[in-house]
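By letter and in written order, the chains are A, B and C; residue numbering begins at 1 in each of them.
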Amino acid sequence: MSMTHASAAPRQGAHLASGISISNVSHSYGAQGGGGMLALDGINLEIGDGEFHCLLGPSGCGKSTLLYLVGGFIPVQSGVISTAAGPVTAPGPDRSIVFQNFALFPWKTVKDNVLYGLKKAGYPSAEREERAQRYIDMVHLTGFENSYPSQLSGGMQQRAAIARTLAVDPGILLMDEPFGALDAQTRRVMQEELRAIWRDSRKTVVFVTHDVQEAVFLADRISIMSARPGRIQHIIDVNLPKDRGEEILENREFIGLSEHIWRLVREQAVAATRGVH
Amino acid sequence: MMNMAQARHIAPNMPTRKVPAPRAARAISPKTVDTLVQIAVVALLAGIWEFSARFGALNPFLLPPLSVVLGRIWEDLLAGTVLVDLGLTLYRALLGFVIGAVIGIPAGILMARSAVMRWFLDPLVSIGFPMPKIAFLPIFILWFDIYDTSKIIMVSFSCFFPIVAATYAGCSGLDKWPIWSARSLGAKERELLWEVYLPMAMPQIITGLQVALPTGMITTIVTEMLMGGRGVGGSMIMAGRFADSVGVFAGIVQIIILGFVVVKSLEIVRRRLLIWHPESRR
Amino acid sequence: MSDTLAGRRRPPGFGYTLIELAFRFSPLLLLAFFWEFLGLSGIVSQQMLPGLGEVFSAFVQMLVNGDLLYNTARSVSRAAGGLAAAVIVGVVVGLMMAQFRIARLLVNPIVQIFYPMPKSALIPVVMIWLGLGDSSKILLIFLGCLLPVVVGTYNGARGVNPFLLWSAASLGASRFDVLREVVLRGAMPDIINGCRTALAFSFILMVSSEFVIATDGVGFMISSLGDGGQYPAMFAAIFFVAGIGFGADRLYAMFARRSLRWREA
């Protein structure tokens, strides 16, 4: 866990990659009437600089809540979350996010969506244009710059959302089941692309998913969470080759690890179902 | 593939605003607090009205104290004029509204189901819908004189367009699955109308009624003001002409209550009729 | 009611061929024949239903002597003034309500009480407050148009996908940026709808107030022509006003469609 870059990221240009330190974070919803629901219970997690970390767990385990806390979208109730820039208090472009339902601005074209964060960061106009185009090309949306989100398929919308987020060059990339709404084939392609982008850019990625294969395929480390209240049950290292492609699905280690994790997650899911009924 | 419990997650609260910090358990829910505060706001406004007028912050001619206005309503209530005025206004508005609906709903259904009717009515309705119907009032006065007939016809005329437009829109472009289901379960064309088309179009039809009723009330008031005679509008304009500001504000208070009751009643009817509809679930 | 009937299936704008247009509006021609027939056959007196030719020549005469345009300009300027003020104030108030609980608690009861009130009842009130001049009618139109805009803006702003707000914030937008660039922008479809209702109200209130209290304007013109028994001219003026109301709505619908192009798939 390196916390060496103590100063804030420069206004322009790259935000420095950074680890994330989550200590003793609990969170409950609807706490006012007394019958509040404890969503997260004493989470401790250190995510390393440049690590690809997956939060894996059944629905309702609070993995998205944890991600939103790291993003600064909902206020931390107890415990501390900090990055190289200090404790998290509000959303900011050093920790940019991709949501499951894309959250593109529907009234902006693909290009204007990508330009949005760049304008906020104060890039001069020529550089802004050049950068936006570079990221649009990178996610293979060349030719769709002037399309509105409603004119694109789900996979294309998600690629646009990823370009928008990557363009501001966040040190930490938060992903909230970003491929959950896509069909199986698109999903596979997107996973490979994301892995390649990460390998080249060395960002810290926190990726929320409930798909075991997706987690094993993408991550360096996986946190398996339990449901209600959300706790981290296991942290698993994924010691697979850095370069991962289609062929890794056949890899015996990959299959073995997937099955192992699948069993762990299944236990949590079963426990959660019993708890509810 | 992995088939886990996978209902799509949605953030348990949709925090567009600050989530209030957890506080000690309280007996009163935030919703009740909101309601109480809002009632307090109304009371406060009434208080400001009363005292600013009473203590000369405002010219009492421009805004007579609330107590004086309520006193006038009470007097008129005892004299019986309030109920006559309100009754007449309500009668004209509702009768006009009902006539508009009785003609408008079938016309809308016919437009959706018959090409000839659509050809004939579509241009009339699409021109009539956005135009200010009230401008036709002098024509109705010319044709039907200044008594109730012309008022009620004017109200029907202004209610008709939103109703027919909403019914037509509701009955065309229906989701085909329930219709196919009903057919495959053996429903005949005639039964489909009552058992499938109308219930499915009902939300939009009621929306049309909800647009039409306030429009009808606006129209009723204007016709009464223009033609004089009894009715809240007539009494108000008389009071205005005689510079009787207490009378004008007494009329406004009555109208506010009448409008509120009528509009809320229709909302209740909507909830009753659409109990099956997802919008009724809260 | 967000759309007129015809707009739904046909291409936007005036993309009809002449033949389609003639066919579509042929029922109007039919009505015109019926009108003439009623008059000529003597079933209805000429007094009650002046011939279309007479109405048309009265129209031309009013157009030439400037009466019609002068009064229309007077009316429309009042309506536009009241409507513009209502849109500006309404959008600001609606946004405030959506953003701040205090504003919501303060304004909501007022909206609840006054929304169902038939706004024409305010005619004698504005008369008491401001007399018979322009300002009373502008105030009436402002008050009548305000609430649809407030309610539309509020609903729209509350309905904006909260993930969009979060996205903007995580891309570096300030609170004010989010309000202006995401909340206001996202509320635009509802604001546009609210303004369309307000536009219709402005015409209704413009004509109504001029019927009841005015010394000029199209509403006044219509009622004084009626009082003077000049029925062909009265019919002409009424059709003209109805046509302006219709035209304003169509223009607005075209503008709305253009600015909401992003919603079309």
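Just so it is clear, a residue touches a chain if its C-beta (ideal position, glycine included) is under 8 Å from a C-beta of that chain, and two chains touch if they have at least 3 such contacts.
Keep in mind that what you see is a predicted model, and the values were worked out from it rather than measured.
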Where the centre means the average of the CA atoms, what chain is farthest from subunit B?
A
Considering A-C alongside B-C, which chain pair is linked by more C-beta pairs in contact?
B-C
Distance from subunit C to subunit A - Cα centre to Cα centre, in angstrom
48
Mean-CA-position distance for subunit C and subunit B (Å)
18
Quick check: what residues of subunit B touch more than one other chain, meaning two or more?
11, 15
Subunit A, residues touching no fewer than two other chains
68, 73
Can you list the residues on subunit C that touch subunit B in the complex?
1, 3-6, 8, 23-28, 30-31, 48, 99, 101, 105-106, 108-110, 113-125, 127-129, 158, 160, 162, 165, 200, 203-204, 206-208, 211-212, 218-219, 222-223, 225-226, 231, 234-235, 238, 241-243, 245-246, 248-250
Of all residues in subunit B, those that touch subunit C in their complex
11, 14-17, 34, 37-39, 41-42, 45, 61-62, 111, 119-127, 129-139, 141-143, 162, 165-166, 168-169, 172-173, 207-208, 211, 214-215, 217-222, 225-226, 232-233, 236-237, 239-240, 243, 245, 248-249, 251-252, 255-256, 259-260, 262-264
Provide the residue numbers of subunit C that touch subunit A in the complex, in ascending order.
161, 163-164, 166-173, 177, 181-182, 185-186, 188, 261-265
Can you list the residues on subunit A that touch subunit C in the complex?
68, 71-73, 90-93, 95-97, 99, 101, 103-108, 116-117, 120-121, 148-151, 164-165, 168, 170, 174
